[in-house]
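Next come two complexes built around chain A: one with chain B, the other with chain C.
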Partner chain A sequence: MHINYWTELTRNNFGKIGLAMLCLVLFIALFAPFLARYDPGEPSHAIFMSPSFEHWLGTNDIGQDIWSRLLCGAKNSLLVALGVGVFTTLLSTVIGASAALVGGLYDRIVMRLIDALIVIPAFIVIILVAAYVLPNVWTLIFLISILTWQGGARLVRAQTLSLKERMSVYAARTFGANKRYIVIRHIIPNLSSILFAVFIHSATRGVFMEAGLAFLGIADISTVSWGLMMHHALRFYYLDVWKWWLIPTGLALSVTIMAFVFIGHALETAMDPRLRVMEQEDWQ
Partner chain B sequence: MKLPEIGTYAIAFLIILALIFLLPRMMPGDPLTAICGEEVLVEMTPELKAELVHRFALDEPLWSQFFVYLTGIMHGDFGYSYYYNAPVLEIILEALPWTLLLVGTSLVLSTVLSIIIGIESGWRRGKVSDKFLLTTTMILNGFPDFFIGIILLLLFAVYLGCLPLQGAKTPYSDLSGINSMLDIAQHLVLPLIALTLAQLPGSYLLMRNTMITTLKEAFVRTAKAKGLSEVAVRYKHAGRNALLPIVTTTGVRVGIIFTGALFIEIIFSYPGVGLLSYNALLMRDYPILQGVFFIVAVFVILANFVVDLLYTKIDPRIGVDNTEYAH
Partner chain C sequence: MIELRELEVMYGKRRVLHGINLTLKRGESLSIVGESGGGKTTLGLSIIGLVEGTVRGEILFEGKNLVALAEKELKAIRWNRIAMVFQNVENALNPLYTVLDQVSEPIVVHKLGDRNEATRRAGELLNRVNLPEGRFYAYPHQLSGGEKQRVLIAMALANDPDLIIMDEPTTALDALTKVEIINLIHTVCKERELTILLLTHDFYAASTLSDRMAVLYAGRIVEFGSTPALLSNPRHPYTRGLLRCYPSMTTTKDLQGIKGRMEFFDVGCPFHPRCTQSIGICREKAPRLEKNDGRFIACHRGGIIPLLELRDLSKSFDSLKAVDSIDLTLYEGETLALVGESGSGKTTTAKLIMGIFGATEGRIYLEGKQILGRDKSFYQRVQMIFQNPMESLSHRLSVLEAVREPLDVQKLGNREQRESMVRQILDEVELPSSETFLNKYPHQLSQGEAQRVGIARALILNPKLLIADEPTSALDASTQAKVVKLLLNLQEKRGIGMLFITHNLALARKISDRLAVMLKGIIVEEGPSNEIVSSPLHPYTEDLLKAAPTLSSRVHAVPERTSERNDGTGCPYANRCNKVTEVCFNEKQRLSSLSTHKVACMLCTATD
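Right after this comes the complex of A and B.
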């Protein structure tokens, strides 16, 4: 079964909308410095301003322009998404694939560790560790990845195990291919779809967890983070400012998470043969 | 249950134990503040310091510190909060019932709802109602728990004033019996809805996917051919067989709901362990933080264990791996 994932993704409605949303957020993240009209970190005397032509979404409690901060926050969220996505996928691949390829005691130890890590509530542990470490963006990416690679590693391991038994691998062996050749030519290319799915899921988790931690107040104060903005905004929810401070920020965050969730769902539907829509299935 | 599977839970428990023991001791700076919280500095005297160093065996090697720490936990001693001026366990036990109430009701509600919606949606795959349900849940899936809570809070604070927004019961009201229970139920509504809405998408999607797969099996066709009513086929035959994954993921879902409750409790000032740990976070009251997270983690590990144990009893075909779905 060979599937062109890009075609599948753009054929699925969720995939299309997800990609469009992600492009929008990416565009904002890349061009925020040109789109923003104020320095997002610059306080001013104009506090709690209502939306106006000067401040499209008003100003916050220390007079910062909310629209500029909203644009700037996209960069932070996407950076965490990318960082956690790449790093987690890397960890999952190295650990999962090596367990499947090496086998034996090493495989048993890794599997046992994965099983144990899966029953531990990862986010709770991350919050506790972060409360002590008070991470910046990079330590946060490291922290989230190091505690959430287990699910991906299990998938990669299962997939590698089945790839190992493929006819093509046996064929390669018969003409004397060494292990390195088999891994590079046969295992890794065939893992790509699983890795893409692991990447998307990790990225989703990254955005969600960063926002959650920042919402709890665990964040580098110098970064412009949507979660942190909501953390501050919630304290003034009884004022009218929630209309242009709390809600737009939450929506921006939700759109970003939604983009990843939609893409992930489209991928899952494309990859699971049981969920793919087939003609003969409408027999009922 | 085989012995190695118990080993998995023992390892998970040890990881949690080691983490909570090592974290404060590995931090740069004075381990005493990291263990006792920053509030301890206010009352710090040379005598108290000497006593605390002695109590946690901080002047001794790491392994004997661990031994002291372990004996403490075995005796239910989770430390002392200098912020509340009370033993940690006492404070946590006061808050824990509220969290268990919230998490328990939300677990039941979200499971039942997602089973029903999942069955109906999977049955109608591709029809308008299925597409509507799927799209709605997928959009909901993008909203973080705390934003769902915030929207509900604002909605009810600003437009609909009919439900209490804060706390778990009306303070100083002296209600008793049925009135007190009604009061508690009223305060539970909003946090419960928020938490359940946040949990729904994951388990609904799992249920819908399993339902779709199950509907393709031969026994469903047989049931239809026998002339059974649609409802019987949908619920008794297909639905019941599609239940397994949602049962096996209960343990993992308990973990996710606890995490969600942490955020929801903050938004609605619900006096459970989530709000407790949030305040501890703001006050740098580390003993409370460690205690709450230890108890929640152990609770989640136990829930996984129990589900595993029950699952072995319920279904002889073990080895089906569905835990991935819940993440």
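Right after this comes the complex of A and C.
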């Protein structure tokens, strides 16, 4: 069956909400410089201010405007989401598809490697690495990606194996098609749904891990990151302004993660025929 | 008795006969067959010296060259030694004389007796040809066609000749009269030890009246050999084409024609424009009639070429022998039906040929060359129609993209050329080539449409060999009929060799020249379709035939499992065969030849 993902997404309620939320975050990320009233890095205001008309969410310990930082933080989260999403998907595809297509010893080695890597807790490893190099956003994307591609690669491999055995692929071979043609014209287009799912999952995980690491203090101090803001907030919990730093930031982070989760859920519903049937019964 | 050497006849500038060499011994009968306009009558007339064109070469009759003979000497031979039964019954008799007078005329003219003697003899002859006595004094217009033919035969016999040339003696006669005339000719010739030269396009007359047969095409003999051999196993593409056009109770395949029209060529093989296996040399040089495996064939390619040969082909999946050293040969322009129940290894065989599976053992030859690796050019010549059209079409490709895919892969033509080729092939498989249809996706097509898209994909590269794996099993009867007709038409036009895989024997019989019955990876019986259908040898084939669909209301008994034993050492049918013996379980039979069939069965080979 031919599935149009856009129609599927917009037909599903979760999908609609997820998309709306993602659009909002995207809008904020893109237009933060215009929406923010102050430079997020500018420490020229009074410190520890409560919310006021001047500073909607007050200021922090060095006098930066929290509202401006909140808006600008969206960019960081989305950048991580996109970076991890793209990089992980790429790794999963190349490794998973090549294992399925080449097969034999190579396949077995790759599969055992995946088994080995999947038990390594990515979080701990990154904390360890961060002990030596303070990661900036790109290092972080790289680290998260190379530690979390295994699940995706497994999915891609399984799907490629089944695609490879399709009659349509055999038919293409009987026209004289070589491997390259088959990969480009038959395997990759048919992997797109899986790849999209892998992308959404990786993006969600990327946002979550980045925030988590920053919350633990593992982040370049100069980046404007929601996780880092929450980390700072907790350092001043004895002052009553901390909640203005923590709650809006937490909400923003939740909205972003939920956007991805909802989209992912909607896609899964669209792709899994069993879920599709249930969905229809729900409607009736 | 008579020998033609390099006989040539020209009508003005037009050469009607080219270098005919034939020898006919006393008492022998030879038929010359071919389409009308091929030069048969000219050949007959040139022997009795009545042809109006220029004759070159030699016609040796008992040592005398008839071509060089003066008209007076020729007259002595004509009708006394060589007589002819002319083709056109209506015009051959003079309407003004009674038949008795006409039969006695040659006797009188050649002064073999006086008028009374001649009339007496004519009466005898008319009696001999079973013309009722009351009709002796009838005028030709009062006689029926069959009666006139009898009179003509009596006339030819009048002077007791040694050689009779009969030009279409049975054409235009109804079936029963035809048989009567054939029987008459047969007995008369036997009792008088006549030598017959039969010129006809009627294979029935030729098969019953002649020992040897020459096929004449556009003034050249293309195939020459013993009549039964030529009929059961034609080797020249033209002979096969003629036989495919001839409706008879023995052939089971649907009628097929020969593409194009007959034209006379001075250079090159005369048949090349209509031949589906012609190569460059066929256009440039006329082939000589050469001895080839017990007969003479005039073909640069040595007759119909074997297109695909499988030798000892085997494929095992772990311990399961899906295909167990099979031998098959598929000739150019032929349909070989591979019949058997599901799981018998038919599809595996197809996939082995296409290279989807690698063979465990054995060799595959294409046009005589062993296939070692398969490149793009291989797939240009060999294509496959897949069993399930919906699966073999990618759901992401529109009709246009799917049908264009083979061209894209092979990088043939530019974008516009490819698109016009797609439209053309869709026309050929009777699908619309409108924009809306081209942009449809597989799930928007019906089963029949999808299968025809599959066929179009397989045909767009113009392959010589088509592997059709159950191409119609998913279709309803009317669509199936269309698809089958289409494939047969394409075979006629392009000479596609087809390996038609099916479990439907009733269908296989209508479309195939030869049948191979497969069971558990081995071929148990192989031979011409009509013979397998009319006299199956292997019990499995018999049971398959019993189970084949008929329109009678009888319910057929399904062969019951007679034994649970089957460890794979014996005959694969042993546990279901009702004629099974102990030996069947222990020994595997190899395919061995038995008359025109090949069969792998203990019982058939043992009793013979």
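Just so it is clear, the second predicted complex is superposed on the first by the 275 of 284 C-alpha atoms of A that agree within 3 Å, B and C clash if a C-alpha of one lies under 4 Å from a C-alpha of the other, contacts with A are read in each partner's own complex, and residues count from 1 in each chain.
What we mean here is this: a contact is a pair of C-beta atoms (placed from the backbone, for glycine too) under 8 Å apart; a residue touches a chain by one contact, two chains touch by 3 or more.
Predicted, not measured: the structure shown is a model, and the values here were computed from it.
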| item | value |
| --- | --- |
| Which superposed partner A:Leu128 touches (first chain B, second chain C, both, neither) | first |
| Contacts of A:Leu105 with chain B and chain C, given as first, second, both or neither | neither |
| Touching partner for A:Ile257 - first (chain B), second (chain C), both, neither | first |
| Touched partner set for A:Ile120, first chain B, second chain C, both or neither | first |
| Chain B versus chain C as contact partner of A:His186, first or second or both or neither | second |
| When both partners are placed on the shared chain, which of chain B and chain C touches more of chain A | B |
| Chain B versus chain C as contact partner of A:Ile221, first or second or both or neither | neither |
| Partner chain in contact with A:Ser168 - chain B first, chain C second, else both or neither | second |
| Touching partner for A:Ala211 - first (chain B), second (chain C), both, neither | first |
| On chain A, positions contacted by chain B and by chain C | none |
| Contact footprint of chain B on chain A as seen in their complex | 14, 112-113, 115-121, 123-125, 127-129, 131-133, 151, 154-155, 201, 205, 208, 211-212, 215-218, 230, 234, 237-238, 242, 246-247, 250, 253-255, 257-259, 261-262, 265, 272, 274-275, 277, 281-282, 284 |
| Partner chain C, residues of chain A touching it in the complex | 1-2, 166-177, 181, 185-186, 189-190 |
| Touching residues (chain side chain B, partner chain A) in the complex | 4, 7-9, 11-12, 15-16, 19-20, 23-24, 27, 34, 126, 138-139, 141-147, 150-151, 153-154, 157, 205, 209, 212-213, 215-216, 224, 251-252, 255-256, 258-259, 262-263, 266-267, 278, 281-282, 286, 289-290, 293, 296-297, 300-301, 304-305, 323-324, 327 |
| Chain C residues within the chain A interface of the complex | 351, 354-356, 374-380, 383-384, 386, 388, 391-396, 405-406, 409-410, 441, 443, 457, 461 |
